[in-house]
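Structures given as structure tokens follow.
There are two complexes below, and they share chain A, which is joined by chain B in the first and by chain C in the second.
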Partner chain A sequence: MADSKLTRSNRTGWLMSLPGFTLVALFIIVPFFFAFGLSMTNQRLVSPNPTKYVGLENYRQMLDIALVTLQPERDASGTVIRDDEGTIQYPRLRRLSRSDPAFERYKGMREWFGWQSGESHKAVVVRDPLFWIALRNTLLFVLVVAPVQGGIALGLALLVNQKLRGINAFRTIYFMPVVVSIVVVSLLWRFIYDGNDGLLNNLLDTLSFGAIPGVDWLGNPSTALGAIMAMSIWQAVGFHMVIWLSGLQTISPTLYEAADIEGASKWQAFRYVTWPGLRNTAVLVIIVITMQAFALFAQIDVMTNGGPLDSTQSLVFQAVERGYGKQDISGGSVISVVLFVLVLAISLVQRWLTRDRQN
Partner chain B sequence: MATLSMSGLTKRFGDIEVIRGVDIDIADGEFVVFVGPSGCGKSTLLRMIAGLEDISGGELRIDDHLVNDMQPRDRGIAMVFQTYAIFPHMSVRENLGFGLTIAKVPKAEKEQRVMQAARILQMEHLLDRRPSQLSGGQRQRVAIGRAIVREPSVFLFDEPLSNLDAALRMDMRMEIGKLHEQLGATMIYVTHDQVEAMTLADRIVVIKDGIVQQVGAPMELYHQPANRFVAGFIGSPSMNFLPVEVQSVDHDSALVASTSLDAVRVPMRVEPLKSGDQALLGLRPQYLVPTNEQDAGQLHGTLSLVERLGSETVVDVNTRENTRLVAAIADDRTFETGTEIAFTFDPNRAHLFSAAGDGALNK
Partner chain C sequence: MISHDNHGLRLAVRYAVLVLVAIIFVFPLLFMVMSSLKPDHQLLVDTGSLRAFLPVGDISFDNYAAAFQRAPISTFVINSVIVTGVTVMLSLAICSLSAFSFVFLRWSGRNLLLSILLATLIVPFETIAIPLLLLVSKLPWLGLDGLEQGWLNSYHVQILPFAADALTIFLFVQYFKDLPSELVEAARVEGASWFQIYLKIIMPLAGPVVATAAILRFLFMYNQYLWPLMVVQSDEYRPVMVGLQYFFQLDTPWGEVMAYLSLITIPVLGFYLMLQRAFIASIASTGVKG
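== the complex of A and B ==
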């Protein structure tokens, strides 16, 4: 078998895959290593100064995070100073890091968030708040979108998997948003979410007979990210529905008949026949959704530009913003690499969690 | 244990009626086999009994209860499918106990019933395996085991052995026979394998195009087929049909002859015929006896093919009017193709059918 057609035509095979391979190398593999390299320099988009190798300095700057405990300010007698409303007064971190050698390490860092603990104040301080906010938003986005989108897609797939007249129309309708570019979808949803006369506000107003006041969905820091999540879920849910559907159709109908005869209810048939039969599909769907969610960019770019008050910053948006907006190529590269490591790690963990435990 | 009665059962898929009025009564503990050509509606009828297909018309009763609209789970039946339909992600033990898990039967009782079924089928050592680690025969055993655990009053089998190879099929056939003896449950079994039908059945139901052609014990069907279709369907190799002309009739026999058949008087059991009618004389290959002297024979032809199987010799004969005839001759015999041959037969074992129509019961 060593001389089979497959191995003999090896050279032709390689030759044929060359164009595709070249493109992949040129636009994915080479830039990937570029990003790695650039992330360890001080490269800017245009700069009179020569590029310098800085090692892991960029990473240190960006990932620097610490927990500090601030003791309340006390007067000469040692009692805690409170303001008129009784709030305990703390020294400013910026002042401390200049005057107190113990706090010198925190010079240039800013409080990201903090909380009260007894009389003292605990603060998480970071050097690059924007990165951390983007990271938090992205993780939040993934954590909400992955299960909700996957779950709704499965529900839809179960619905359209029935043998009903005209069921194909529903399949098509649910799939339609997938075909439309996310940029176009984002533009359209800007009108839906509009604070003054948006479709959503109008709808809520009509349904509630004016009881629900209008909300500027994208202009309000507490609703903007949620609004983008909802739209993103809606846009791609049809795609994952189709993947679930293909998984559903690999399950033999006879298994359902057997379960029916054995007395299984609809729910039990799902639990004992459908869900185990969808295991591999579930792994695929979850990993694909996670990776897509981590790449959150176009929606932000079109709808909010990261605002309001940085409430919709995302990692990819920050990478682009830094690399091209601020001409800080190395900064953008660092985010790209961190994102890559993050997605890789999460995918591996997911693979491990959903591994085949049968054998 | 249960009796089962079907009266006027029909099934339509859209405009097509695939079951066209079936009346069968099945006694408690009886083993009934449905046979018929592919597409005749055997599976459909079985699935109607199981409750997997709606009943379009007629009545289905189990133990005198009308079950037309009852859910499969409530009918007290268990079904074994051709494709096994065992749950791939569950161990054999979980598969066997599935119905009990669903019914929330206490663990101890479940374990005990699973073990009992495993013992009956001699597969205690397989209990912790996954279906993917089983052979085809073992998988079907699991499917049968799952049925046993349910302790149903009626077992339904839809061609359970047709995915198995010949040797295994014979083993499993015997096991199913033993199982029936052991459990004494009512069983309905669909097959298109003659041997399975003849060996397992108390009664065979022959179906064609959704119509029951004959119901009877295997030997009854073999020796007294109700029509030409049943005569041709039961028995292997199948019955020869020799075109003959009726020369004269008296009340229960007819004198028939043809170019290759010397006039012979045969009983007229199935259809009344009259003198001058075209008829078909049914002769089982096993009942044709070759003679050495041409003159002594009643039936004449030329040997066209000889197949020696060791236990018997099957010969193809071209009769004088050029119809093909098969004879199965006991023992290993040598013949030369191309030579003239003559046969005798016992007229009482011959069957006379009208040549008109397709020989089956139609509506």
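== the complex of A and C ==
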């Protein structure tokens, strides 16, 4: 629009945009910067003591990680001590960090995981194991859910993009779980996954004539996160199907006609017509899924509370557990900042990767 | 090329695939509703067969009655309706007005403000929830009993933080940009005020985007969980999703849980099935960003 006297109005312009802008500033921008500030204090939700600035101490507490090599215990003659089963004995890190100056830096840290390397034992030690477990689970969740959900969503989009009678009904059905709250879905699936009377176990039992033994899907550390992933994909995949679908419908039908005339197979038509036309959509779908996956919270809160054995801890769950549960606002803020940095980094990387490929 | 003799077979295969996939999406929801109608002893037996998805056996609304006994469900429903309804209305009014001024008016600072707003699109709510919790616990509020400190346990703590957001403003901006600017200029020549133009000329044309924004905001607000979980402790202001916690206890009969889940889900599903084209279109329109 031309910049004419008719449309220039500083006073009205500001007045009209101000309610919206003020609300966004107060409830999104201010807390966003607050997160950075609070993460460098010892702020609690309610506290009689004044808040103190502690610099990067909270980050040091949470992010501190190191690789430690433990030499085996030896007796006076220098032979390695083994127990009855022949397992090599190592000194406790806790004792070493108190007595040995070389290990003083690891005081208060605990082994997260470790492995054998020759005679010595390598251990990754961290100050805040719960944070690292939550970080690992969240990354795992994102790395599995983003490609799988994106892929299935594309498959569904291709499926409902066929020109068939009644196809709209199928579109409507596939999208249905999206409008159902993830909280409702989580509680429903707790019943489906139940180890005793769950629908899934009973169906598997019936279908296999009793050959498949029942699994306590959410009570078993090796299946709990996977079960939550599957359910999350089931709930949200219709959302991304719709985004793919709107991408598919921007591809000109004449391109397919041309491919048909050239005698292209279905796969070739997909590879050389459909897929190139979906590049922007692909970036969008992956970014949106990634951002949603990083926010993993309700499923955990309703289904497992982070258990069993911390196998389903997530970053947002930990942020809430600390910031709200333990009223440790600064601890929750550190996790929030870490989360934001991750989301930002990943969406920048994804943008960069896809931009590169276009050349 | 499709040869004619196996055309019918191919079509059958296509439909078979479509139906199989549909079963995966429908059956869990069907199971929820059917289970809500059955007594617990029957319910657990039924999970072993297709009866789990059928309204057979001892069908009644007893579970619903029991659920109402367990929790103040009517209060939760009223709270959800108030919070969701008011937020959607406020958000539509405030965001469309902002978008109007960004698109049709020329004023200094306009581009800067719009860029700042759009930058907030990459901030997930989960990353600001904790500092926001501290903020609202300190904010003053002028209530009926005078000045109070802290917003916790109220309707406004559930409404105001969501009364404006970048995505809704962005949707309106995109839509308004496609409207002919001559409409506005002509009205200005005739001496209409900006507010009149917004109300009488632009908003009557904004039906589609209003529907899109309303649906997105409605789904987001009605399904909110994390925020009300943290800021509302008393039943008096608790929405349905947080009221669900009454049904977390291990001794809760599954039939009752399913009754509550059905109760808070069926209205939304009904709403969706009536307006499914609009729902799907609004999700698709979030895909235009980026």
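The rule we apply is simple: the second predicted complex is superposed on the first by the 343 of 359 C-alpha atoms of A that agree within 3 Å, B and C clash if a C-alpha of one lies under 4 Å from a C-alpha of the other, contacts with A are read in each partner's own complex, and residues count from 1 in each chain.
By our rule, contacts are C-beta pairs under 8 Å (C-beta built on N, C-alpha and C of every residue); 3 or more make two chains touch, one makes a residue touch a chain.
Here the structure is a predicted model, which means the values were calculated and not measured.
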item	value
First (chain B), second (chain C), both or neither touched by A:Ser347	second
Partner chain in contact with A:Arg171 - chain B first, chain C second, else both or neither	second
Touched partner set for A:Ala66, first chain B, second chain C, both or neither	neither
Chain B versus chain C as contact partner of A:Val180, first or second or both or neither	second
When both partners are placed on the shared chain, which of chain B and chain C touches more of chain A	C
Touching partner for A:Leu56 - first (chain B), second (chain C), both, neither	neither
Chain B versus chain C as contact partner of A:Ile261, first or second or both or neither	first
First, second, both or neither for A:Ser333, with chain B first and chain C second	second
Contacts of A:Ile81 with chain B and chain C, given as first, second, both or neither	neither
Residues of chain A that lie at the interface with chain B and also at the interface with chain C	none
Interface residues, chain C side, partner chain A - complex	11, 14-15, 17-18, 21-22, 24-26, 28-29, 31-32, 35, 44, 47-49, 52, 94-95, 97-98, 100-102, 104-110, 113, 116-117, 120, 122-135, 137, 160-166, 169, 181, 184-185, 188-189, 194, 198, 219, 222-223, 225-226, 229-230, 241, 244, 247-248, 254, 257-258, 261, 264-265, 268-269, 272-273, 276, 279-280, 283-284, 286-287, 289-290
Residues of chain A that touch chain C when the two form their complex	1, 3-4, 6-10, 12-17, 19-21, 23-24, 27-32, 34-35, 38, 43, 45-46, 156, 159-160, 162, 164, 167, 170-184, 187-189, 191-192, 197-199, 202-203, 205-206, 234, 238-239, 242-243, 245-247, 280-281, 283-284, 287, 291, 294-295, 297-298, 301-302, 316, 319-320, 323-324, 329, 332-333, 335-337, 339-340, 343-344, 347
Of chain A, residues touching chain B in the complex	252, 254-255, 257-265, 268, 272-273, 276-277, 279, 358-359
Touching residues (chain side chain B, partner chain A) in the complex	50-52, 71-73, 77-79, 81, 83, 85-90, 98-99, 102-103, 130, 146, 150
